[in-house]
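There are two complexes below, and they share subunit A, which is joined by subunit B in the first and by subunit C in the second.
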Partner chain A sequence: MSPIVKLLAQRIALSLLLLLLISIVIFAGTIVLPGDVAQSILGQSATPEALANLRAELGVNDPPVQRYFAWLFGAMQGDLGTALTSGQDIAQALSSRFWNTLFLAFWAAVVAVPLAIFLGLLAVRFKDRWPDKMISAVTLASISIPEFLIGYVLMYFIAVKLRWFPSVAMVNDNMGLFEKLNAIALPIAVLTLVVLAHMMRMTRAAILNVMQSAYIETAELKGLNAFQVIYRHAFPNAIAPIVNVVMLNLAYLVVGVVVIEVVFVYPGMGQYLVDHVSKRDVPVVQACGLIFAAVYIGLNMIADIVAILSNPRLRHPK
Partner chain B sequence: MSDTLLKVRDLKIGATIYPPGERPRDIEIVHGVSFDLAPGKVLGLIGESGAGKSTIGLASMAYGRGGVKITGGEVWVNGRDILKGSHKDIRKLRGAEVTYVSQSAAASFNPAKKIMDQVVEAAVEQKKFSRKEAEARARVLFAKLGLPDPDNIGERYPHQVSGGQLQRCMTALALCPEPDLVVFDEPTTALDVTTQIDVLMAIKEAIRDTGVAALYITHDLAVVAQVSDDIMVLRMGNTVEYGHVDQIINNPQEEYTKALVSVRSIEHEEKAPTEEPVLSVRNITARYKGTQFDVLHNVNVDLYPGQTLAVVGESGSGKSTLARVITGLLPPREGEIEFAGRKLSPDLKGRSREDLRELQMIYQMADVAMNPRQTVGTIIGRPLEFYFGMRGAEKKKRIIELLDEIELGEKFIDRYPAELSGGQKQRVCIARSLAAKPKMIICDEVTSALDPLVADGILKLLLDLQKIEDVAYLFITHDLATVRAISDNIAVMYQGKVQRYGGKSKVLSPPFDDYTDLLLSSVPEMKLGWLEEVIAHRKMESAGN
Partner chain C sequence: MKNIPISALIGLFFTALYFLGAIFAPLLAPYGVGEVVGDVWEPSSADYLLGTDNIGRDLLSRMIYGGRTTIFIATAATVLSFTLGSVLGFFAAVMGGWIDQALSRFVDLVMSIPTLIFALVVLSVAPVTIPMLILVMGLLDATRVYRLARAVAVDIEVMDYVEAARLRGEKTAWIIFREILPNALSPLIAEMGLRFIFAVLFVSTLSFLGLGVQPPEADWGGIVKENKEGIVYGIPAALIPAFAIATLAISVNLVADWVLNRTTSLKGGRG
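Presenting the complex of A and B:
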């Protein structure tokens, strides 16, 4: 087996193992949490008999290990259980919301990633001059302001005053792509501002690090202009760290959009999760936790795979 | 002057330095240098580190490395003063009229791109050739430079070829756009001596066949004598002497040039082995953890009290691994080590404090072998405390004694490593190892990073100290001149085996085995025409076989 295949196999196996461990932690965590679901479902009408019946029905009395495996095998077959509070099938309820969240995250990434990398390259080209300082200042300011505040400010000016885009990002299946994009323009803008600084600064740092190398001098002495040097010679060697930070931010776009979804009343997973946490609906919380963990681990795994593939020493062994 | 390709007049170059705790200030590092170079000729720029030779070479491309700025003078290339040109003019010059070959091809090739893409890039970008023409030209150059499989080597990545091959690829890169001038900046310094001779010959022939002019920068006068028409000797940014190669080598006028020509003047009489060796290496076979092959095979050497055993070999020969085995950093697979009449534990953990004290080590990189935040006094005082429990006035007295022995003196006691020159740092490292009163010191390439005259001083000091302290040296080096200067016994290592071993006179006298012959005959001699002689001799021999 070639070393690169072995490395990739190891990395993928490690991700699966990690996901398994996380599933244990999620399951154990929701068991340890105080509170009684049966109590909160029944509320006023909780007689001791009703409580005991409901607990038996919910399977709360079974040993935890048995419940864990039942839950895990269910999840692996796409059965995430039923929500305690509404009796809905979780997988069904989640799927449209999950796709909505991915839809928002995808379009935010389409805007933010190229923009961040371009700004990073620009900052390197004009290092320590005014474009670099301005890019740094603006992106740092945007990351420092809480996202809900940016959200409300944009909403006030762009949606209420200028009426360019709607303030509430309601989407449904009957809308066309353009309509949908129009609806989520503001959340995309906010998310872009939030993740831009991190990716741009990392791009700048990674490329500047490479710019110290002797082969950059070689490129300069070939008479290439500054952008050719950065783009042809520095960027290919800075891919691994850049992809790493991009993936971390993509994960944030999927997992961390809770606030934005609430601000813009967007029908994504975040809002669904928040609703059910407050109702102590353990199966829903577990399902969301598992999906978020899978997204996080998956994206970081992709980052590592890209890093391995971008290393010419591994791609082309001696 | 139409017959002058490169004309440099009163070139002044400055840099901004940032001394710790002070305000940055501008200093001048090249103080008005002038020279001419005709088409097709080679000018050698020679000097120690800090002489400004690389800086001058890069100035001929209007390039300043780091914070270096050209502050005055004129640099005329093909009848234009390039220092007056715009950014665009300068970009058109670089990679088209003037190209550059750096010291470390391994670092100067982009690891993420194929060799061919990098070799033809300048020629294509500067519109000298189409991509197809440039590739054809590159393949011709690969063949001319003696690279294996010239038709396909361009498809490889830099890490897939050896250091010597990559240095030839770098030369092809520089010649591909058909420049008028190539700046060679120490192109063979990082190579092994047996590789250097081939690369040197390839470069020389390429210069001759393409009719390109060259600036050849090096610290090694013997090397530059083989390729240059003229030589300029530089020191601290000033021209010391400038003349025809024959005059510089055979009839130097200035004291400094004379010192460079006659460097390695040390005469050291070989001592006969005494009865009991202080160190006996017996049947050592070793490999690194997680690898499948032995890097040392059945090594046997002895070192006698108060004498020097030189272990000489090229990179990968196992000489540094031998040092690791002796110090206990790498326990051997087989064999044992006897030291001062007792068997040494193979593992560092199993050794007593006395074992550690009596076996000291000095490293190649003196500046990273010292804590930069400790003063010289603290650095030298540490072994005195650790091994002898010295304190206060007693310790200080001994530190001053040691500072006198290394010819630095008491005034250095409160200085920090950053305030010392390279040679002074290495002296402090020597004092630190002597402070332990060892029976034996392992010297691992201790003069390799130093300029020749400074290295000479260190070697003389080591020999003097050997007489005073009666200490034995295991001297690891790749430099045969150093070996000649200081050794009593020599072990020539090749591919993990001791190829040849014995007294200095015996090892360095014929009849030789093939490898030792190759090694010895590859060391550049301070003689015009040496390179051609050796190559012709080798061709004759291989024809005879």
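Presenting the complex of A and C:
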């Protein structure tokens, strides 16, 4: 077996192990904590009978290990249980919301990734001059404001004052692609701003790091022009760190949508999660937590896999 | 004190201003925190400098008291995460071996779950009170501090003076607090600024989602939540906390940048 296949297999196995451990943490996190779930759902005034009934329904009386495995095997077969508050099937309620969330995150990525890489290159090209300084000032500002506030600032000025785009992002299945994109224009803009700063800074650092290495100096000294230096020598070496940055930020994006969905009343998974945290609907929270964690780990894994694949030392073993 | 750059001075000034505002909130606020004094969403006037909020409370007073809550929670969570994270990080670096492995792998595990998602899962069961918020935020953030503290301490741990202290027969606690801590302080303090901002943003986000500070207590995230309906009618009350959070965060950032630059320039880094 070539070393690269072995490395990839190891990395994938690690992710699966991680996911398993996380499912334990998420499950344990909701049992070990102080506070009786039944009590917090029904409130202080609940009768002992109602509490006992709910406990039986939740299966709180079974040993935790047994409950964990029942939950885990159910989740693997796509059965996420039923919501306590509405009695709805969670998997069914989540499926359309999951695609909505991915739709939003996908289009945000389509806008943010090329823009961040372009601005990162611009910052390198004009290092320490005004474009670079201006870009870093804007990024400092944008990481200093929480995303929900960026959301409201944009909503106030662009949707309410200028009336360019709708202030709430309502989408449904009957809308065409263009209508949908128009509806989610503002959330996309906010998410782009949120990840742009970080992605750009890291792109800038990755390229600067490569540009300072000895082989770039050699390439310059042997008389290659700037384009050839970047294309032949800098780019192949910078691709791994850049892809890494992009993937890390996509993972961040998937989590960032949670808050943005609440701001723009977007029917996605994040809004569903937040809704049910305040209703203390534990099965829904566990299911959403598991899915978000899985997406997050999956994107991190892809980042590592691309890094392995793009490393020439691993692709061409001696 | 002469060599402080102007940006860091501005940062220090505003950071101090916010902290003083938080400490002396009852003296500064013109009205009580829950006192209904006027009409709903009155514009700013001589009586109400920032106008009134969604049920007619003075917005300036609520901002001042809210800043107090936000800054208090963020500070407490930062102190908790720093004490726990740095002590455990140093401990792991000094002990090495399986203790280091066990702690580091556990931290990796916790860090592989997005912080917000983890906090939401915990808060769906735990009672949402201020001590609980501080505990959850502090513990989750301690993993980040642990990483940094361990990385810094591993470099220091191989220094001759640590070796000398070992040979002298000093105990682990001495090595951690008397040898490593003083030498690791600068990067840790810079990190502390960033962690503090993160805590401010985090507690604001939780309150905005209705899962942080509970009414009638005020905090910056909660003020946004209470006044968000006004946005659609063109009432900018919900944007005022944005300004406060952003200026506080930028000020602390400027100070942290300066502390960090000072330490790297001491080491004589290239470029």
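Keep this in mind: the second predicted complex is superposed on the first by the 289 of 318 C-alpha atoms of A that agree within 3 Å, B and C clash if a C-alpha of one lies under 4 Å from a C-alpha of the other, contacts with A are read in each partner's own complex, and residues count from 1 in each chain.
One rule holds in what follows: a residue touches a chain if its C-beta (ideal position, glycine included) is under 8 Å from a C-beta of that chain, and two chains touch if they have at least 3 such contacts.
These numbers were taken from a predicted model, which means no experiment stands behind them.
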- Task: Using the touch definition from the top, say if A:Ala219 reaches subunit B (first), subunit C (second), both or neither.
- Result: first
- Report for A:Ala307: first if it touches subunit B alone, second if subunit C alone, otherwise both or neither. neither
- Regarding the shared-chain residue A:Asn237, is it in contact with subunit B (first), subunit C (second), both, or neither? first
- Just subunit B (first), just subunit C (second), both, or neither: which does A:Phe292 touch? second
- Of the two partners subunit B and subunit C, indicate the one touching more residues belonging to subunit A. C
- Message: Quick one: is A:Val25 in contact with subunit B, with subunit C, with both, or with neither? Answer first, second, both or neither.
- Response: second
- Item | Touched partner set for A:Val124, first subunit B, second subunit C, both or neither | neither
- Message: Looking at A:Met199, would you say it contacts subunit B, subunit C, both, or neither? Reply first, second, both or neither.
- Response: neither
- Item | Of all residues in subunit C, those that touch subunit A in their complex | 109-110, 112-114, 116-118, 120-127, 197, 201, 204-205, 208-211, 221, 224, 228, 231-234, 236, 238-239, 241-242, 245-246, 249-250, 253, 271
- Flag every residue of subunit A that touches subunit C in the complex, lowest number first. 18, 21-22, 25-26, 29-30, 33-35, 37, 40, 140-141, 143-150, 152-153, 155-156, 160-161, 167, 212, 251-252, 255, 258-259, 262-263, 273-274, 276-278, 280-282, 285-286, 288-289, 292-293, 296-297, 300
- Message: List the residues on subunit A that touch subunit B in their complex, please.
- Response: 213-215, 217-225, 228, 232-233, 236-237, 310, 312-313, 316, 318
- Message: Applying the document's contact rule, which stretches of subunit B touch subunit A when the two form their complex?
- Response: 61, 63, 65, 90-96, 99-100, 102, 104, 107-113, 118, 121-122, 125-126, 156-157, 159-160, 173
